[in-house]
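For reference, chains read A, B, C, D, E, F, G and H in written order, and residue numbers begin at 1 within each chain.
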Amino acid sequence: MAQPTVGIVMGSDSDMEVMSQVAAQLESFEIPYEMRIISAHRAPRLLFDYATSAAERGLKVIIAGAGAAAHLPGVIAGLTTLPVIGVPIQSGALNGVDALYSIAQMPPGVPVATVSINGARNAAVLAAQILSLADNELLSRLRDFKEKLSLDVQGKDAKLQRLGWRDYR
Amino acid sequence: MAQPTVGIVMGSDSDMEVMSQVAAQLESFEIPYEMRIISAHRAPRLLFDYATSAAERGLKVIIAGAGAAAHLPGVIAGLTTLPVIGVPIQSGALNGVDALYSIAQMPPGVPVATVSINGARNAAVLAAQILSLADNELLSRLRDFKEKLSLDVQGKDAKLQRLGWRDYR
Amino acid sequence: MAQPTVGIVMGSDSDMEVMSQVAAQLESFEIPYEMRIISAHRAPRLLFDYATSAAERGLKVIIAGAGAAAHLPGVIAGLTTLPVIGVPIQSGALNGVDALYSIAQMPPGVPVATVSINGARNAAVLAAQILSLADNELLSRLRDFKEKLSLDVQGKDAKLQRLGWRDYR
Amino acid sequence: MAQPTVGIVMGSDSDMEVMSQVAAQLESFEIPYEMRIISAHRAPRLLFDYATSAAERGLKVIIAGAGAAAHLPGVIAGLTTLPVIGVPIQSGALNGVDALYSIAQMPPGVPVATVSINGARNAAVLAAQILSLADNELLSRLRDFKEKLSLDVQGKDAKLQRLGWRDYR
Amino acid sequence: MAQPTVGIVMGSDSDMEVMSQVAAQLESFEIPYEMRIISAHRAPRLLFDYATSAAERGLKVIIAGAGAAAHLPGVIAGLTTLPVIGVPIQSGALNGVDALYSIAQMPPGVPVATVSINGARNAAVLAAQILSLADNELLSRLRDFKEKLSLDVQGKDAKLQRLGWRDYR
Amino acid sequence: MAQPTVGIVMGSDSDMEVMSQVAAQLESFEIPYEMRIISAHRAPRLLFDYATSAAERGLKVIIAGAGAAAHLPGVIAGLTTLPVIGVPIQSGALNGVDALYSIAQMPPGVPVATVSINGARNAAVLAAQILSLADNELLSRLRDFKEKLSLDVQGKDAKLQRLGWRDYR
Amino acid sequence: MAQPTVGIVMGSDSDMEVMSQVAAQLESFEIPYEMRIISAHRAPRLLFDYATSAAERGLKVIIAGAGAAAHLPGVIAGLTTLPVIGVPIQSGALNGVDALYSIAQMPPGVPVATVSINGARNAAVLAAQILSLADNELLSRLRDFKEKLSLDVQGKDAKLQRLGWRDYR
Amino acid sequence: MAQPTVGIVMGSDSDMEVMSQVAAQLESFEIPYEMRIISAHRAPRLLFDYATSAAERGLKVIIAGAGAAAHLPGVIAGLTTLPVIGVPIQSGALNGVDALYSIAQMPPGVPVATVSINGARNAAVLAAQILSLADNELLSRLRDFKEKLSLDVQGKDAKLQRLGWRDYR
């Protein structure tokens, strides 16, 4: 695989079911990535090294997923000038609203680009949008992707008109 | 001013007090921008034209602020491949939690990079981080910005050690 | 079927299980309708055309269902003078509270008539109430409907008095 | 004044500051209305009589505002086939979220068309949209209203382009 | 059965699984009751008659359960001087928080004694506490009930000390 | 003053502004009461003694107000068979929703009759409703109170009809 | 077993599934403990005796778990100078957010050290951190525990690098 | 001042008004402390050094206050075996509920002892309770503190009995 331009990070392998959707979506855009399990609380030294060296290792965007207290994306954002995309993960009693608040409500000067709860696919699309600013081939794939989104909807609508809702289901 | 690379959009001038912080912060990074008042609900045709032509007019990032139902950032995101940063604005009875949900919880395929409620400054920093991927001078200014954030905190801590908390206040 | 007077719109076929209840309820009132899958974010041009031409095509009311960011009803409302009824759909981590806020909290000048979360049947009843203002036959069916609601409750109460709660269940 | 077609109801005069915006907006559409203070809990007999006789007295739409437990719109909706528009009013410790839930979450068969918290103006616009289905002059005024909304936004944008944001404020 | 002193009311038989716990608990206190299905929205005339005649028919306490908009307890409270106990029922997307707010947040002058979400048993205990103020035999049964609650906990603790937690489960 | 039948308890004098409304309302019903400041956390022994002796000292109802963690009403309810009415008090960052949950969500067997946030007046009305079951003079005063509530609303409505809303305000 | 230094308390055996994780985690640190079922509402006298005698019986820390109204930890904290750790337990309609608020929002002077909802393991770790201040052997075990947490994450990351995410799952 | 045993940390001097209450309360217990401004996001290296060296520098407890995303207490907890007490600070649109969730909902193995929103005084009391386990003089001061809490309440109650509530206010 080519030199990764996106780093996918999660703090625990319990987040992998969601975060593997980032990887799958990046692959569909042919964006090389690396995926790591590094915890902000349980392996802080490793995270420190990972985030501070990310830019020089060639990463352009970091996508971090976390549930509950969900400090991972924000801690990374404090350690790099790369754009950091945060994926709040639905887990536990508060169902991800805790993660959404913790990832979005960052203090002045240290933003995290927050997507929807469990919005792993969208994190990958956002990374593609960012990278496509300097990559015309990727921009072209991204346009195809958006076109396909539209065609899918149109196809479903056509099917609905053809079958009616009782047979559609 | 140079050709704008960031478009700042709001749906109403009631959002300008918050959104002007985006402009001020972009200026500190020497990032050229344009600022527009275009409503998703009250001027949808104009918004349609604005968003679909944004990339060809040279914009790289769009920052949209909105309160309450806050559809503006998401509607723009449906009309362009540019990264769209959404600023939930604190207003009305729900205090911005409605805007946060409406901006962050976008459907698959159409992300909005959500920052904190009233996080206008951070939207500008995030735009700078994205643009700095292909602009070394901006990257240098961004590093200075982060360094200054750190020095400010250190300066306050030094003052606290010197004065004690009773005199600090 | 007669010329539709109600347009039922959803952004994704994942909403069809709920939104088909609108159709079924409208049928019971003998109100002709059309049902479409058109996304505000993935097929915005189509939605633009659909909503701006709705009145001239004979529609009187539009019922739009959406979950999560749930921009669909509001975007339609910005494009037509027809009354738009919004159905917040329960989905994802926030369970529909995001959709409720996004649909109800519309800005001044552009209302959406919001019903309960998953309140698809009620959206149809509300449409019938609106249409019955100029349709005495429909008004008569609506009165029968309300009478039947009352009789159903009375029937259940009578059964409860007859059987007692232990046997009722 | 002409025979009222819209009934504005509130349970307490503490809601009049918000609900008088309904009246003002209806007047701008030249829609005749009546305004009443009738409480669901403190004057239930009067409310019963008011709501059950509303249609035969010529009303077409009822707009009811209420805060906190906010039962008024729903109770009226149980007593008439007229469309009932509910305005959740911001008041007390829960800031209107209690009223929003209580008005929107009506049971099957008895909808209330809920607008935003304190959305009194929008309730009037929605009533106008409903009444315009059978009133071409009103439809024309409604189109002017929507056009003016758009022109206002465009005017503000033009002013912003002329002055820049520093002078705009 | 003796003349009922407690009226149990629900608006729909979907609430009977919860509300039958009221009946069972009242039976354990030997408190005669009646149970009715009467909807505030679908059978308002019946509810009006039921609530206004409750005191003269010998009822002392009314226990009303409702989910979602949950207007039933409050509407009854507006129609009688009897104490009304409200049971918020867990249902739908908001899981009962809508019902809790709608039942508890009553306006000045018209209280509803709200118990916990799904707290049907506790509604019966509260009714027993109220009735025991003028019924020494019931007071004695209530004291036995509270004593038994305490002994149950003590018995479980004793078992835990004997078995340890691994075997207790 | 006569032998108190209602005990008003609060944990701190910061709650007195709200809880004095209980006293004023009870006085209007001529219900004798006592008012105490006893904290569940800071004076638990005193609270223990107060609650366990309340019934034998002649109290019939205890009304306890508390904000934030708001354990006071529930702790009292565990120590007596008297009905306990809880008043959640609006205070601190969570604005009383913490107190509402803590007072309403009592475990099986130990109910607290919860009124609205800051619903001190309603707590007194509820106590009057309970006491009126065995006190016909009080019942008569309570009926006058409810009648007056209704007349007040009617008076305001009459004034509104006379003046119109512009002059009413 | 040695003299207990930690008391684990719950109000009902329905909390044992969660609270037994406290015990298991304490055992892994070789911290002697006792576990009791004592309810604040159903056995208040026993709780009073338990908490007031805890320090003299040799306990150093009390860990109390509770759901819903969740008064147990706070009531204990009012009766002892020992540090009290509260575990909000996920249960009922509000899913533990009620318990979190009730345990965390204690009034001035009477803190409860609140951990996450269902955070029973963490309550034990916190107790170990407190006890390790005066117990070097425990401190050593605690360091091993933290080291192991880190090694576990590193092991998972190594496995992910070796297998890739498709095979990891 | 003696060698500090408590470290008070905040990320910004905007938190000092709240966090200085920690210092004042610790002084009343004669507990030596240090107070630092170190940001998890803006000065992560300094925080890393501070937290990893805290134990060897003689600190026994760390009290960290933070608002909004509020990562500070949790990040410190990942870097030390000392007990960390977190103070959620009320700020911004979400009023501190974001900070409460972010501080309390820590992942397994890394607890933060969370106190109430703005509960700075209580953080100091909790630290005193922890330190008093090995410091009998402090334990004595803590007992005096709790005794004084109780006497304050009793004094207020006595004043209320003497004056009545009308004169008390």
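To be clear about the criterion, contacts are C-beta pairs under 8 Å (C-beta built on N, C-alpha and C of every residue); 3 or more make two chains touch, one makes a residue touch a chain.
Note that the coordinates shown come from a computational prediction; the quantities given were computed from them, not determined experimentally.
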**Asked** Chains in contact with chain A and with chain F: which ones?
**Response** G, H
**Asked** Among A-C, B-D or D-E, whose interface repeats A-H's (more than half the contact pairs identical)?
**Response** D-E
**Fill in**
Cα centroid separation, chain F vs chain H, in Å, comes to 34
**Fill in**
Per the C-alpha means, the centres of chain B and chain E lie apart by a whole-Å value of 51
**Complete:** Between chain C and chain D, the Cα-mean centres are separated in Å by 19
**Shared interface positions of chain B, touching two or more other chains** = 11-12, 39, 42, 68-69, 92, 94-95, 97, 104-106, 109-110, 116-117, 146, 149
**Message:** Can you work out from the touch definition every pair of chains that touches here?
**Reply:** A-B, A-C, A-G, A-H, B-C, B-D, B-H, C-D, C-E, D-E, D-F, E-F, E-G, F-G, F-H, G-H
**Asked** In the complex formed with chain G, which residues of chain E make contact?
**Response** 90, 95-97, 116-118, 146, 149-150, 152-154, 156-157, 160-161, 165-166, 168-169
**Fill in**
Residue positions on chain H within touch of chain A in the complex are 11-12, 39-42, 44, 48, 68-71, 74-75, 77-79, 92, 94, 97-98, 101-107, 109-110
**Item:** In the complex with chain F, residue positions of chain D that touch it
**Value:** 11-13, 16-17, 20, 23, 35-39, 42-43, 46, 68-69, 92-95
**Fill in**
As the complex stands, chain C meets chain D at residues 60, 81-83, 85, 100, 104-106, 108-117, 119, 121-123, 125-126, 129-134, 139, 142-143, 145-146, 149
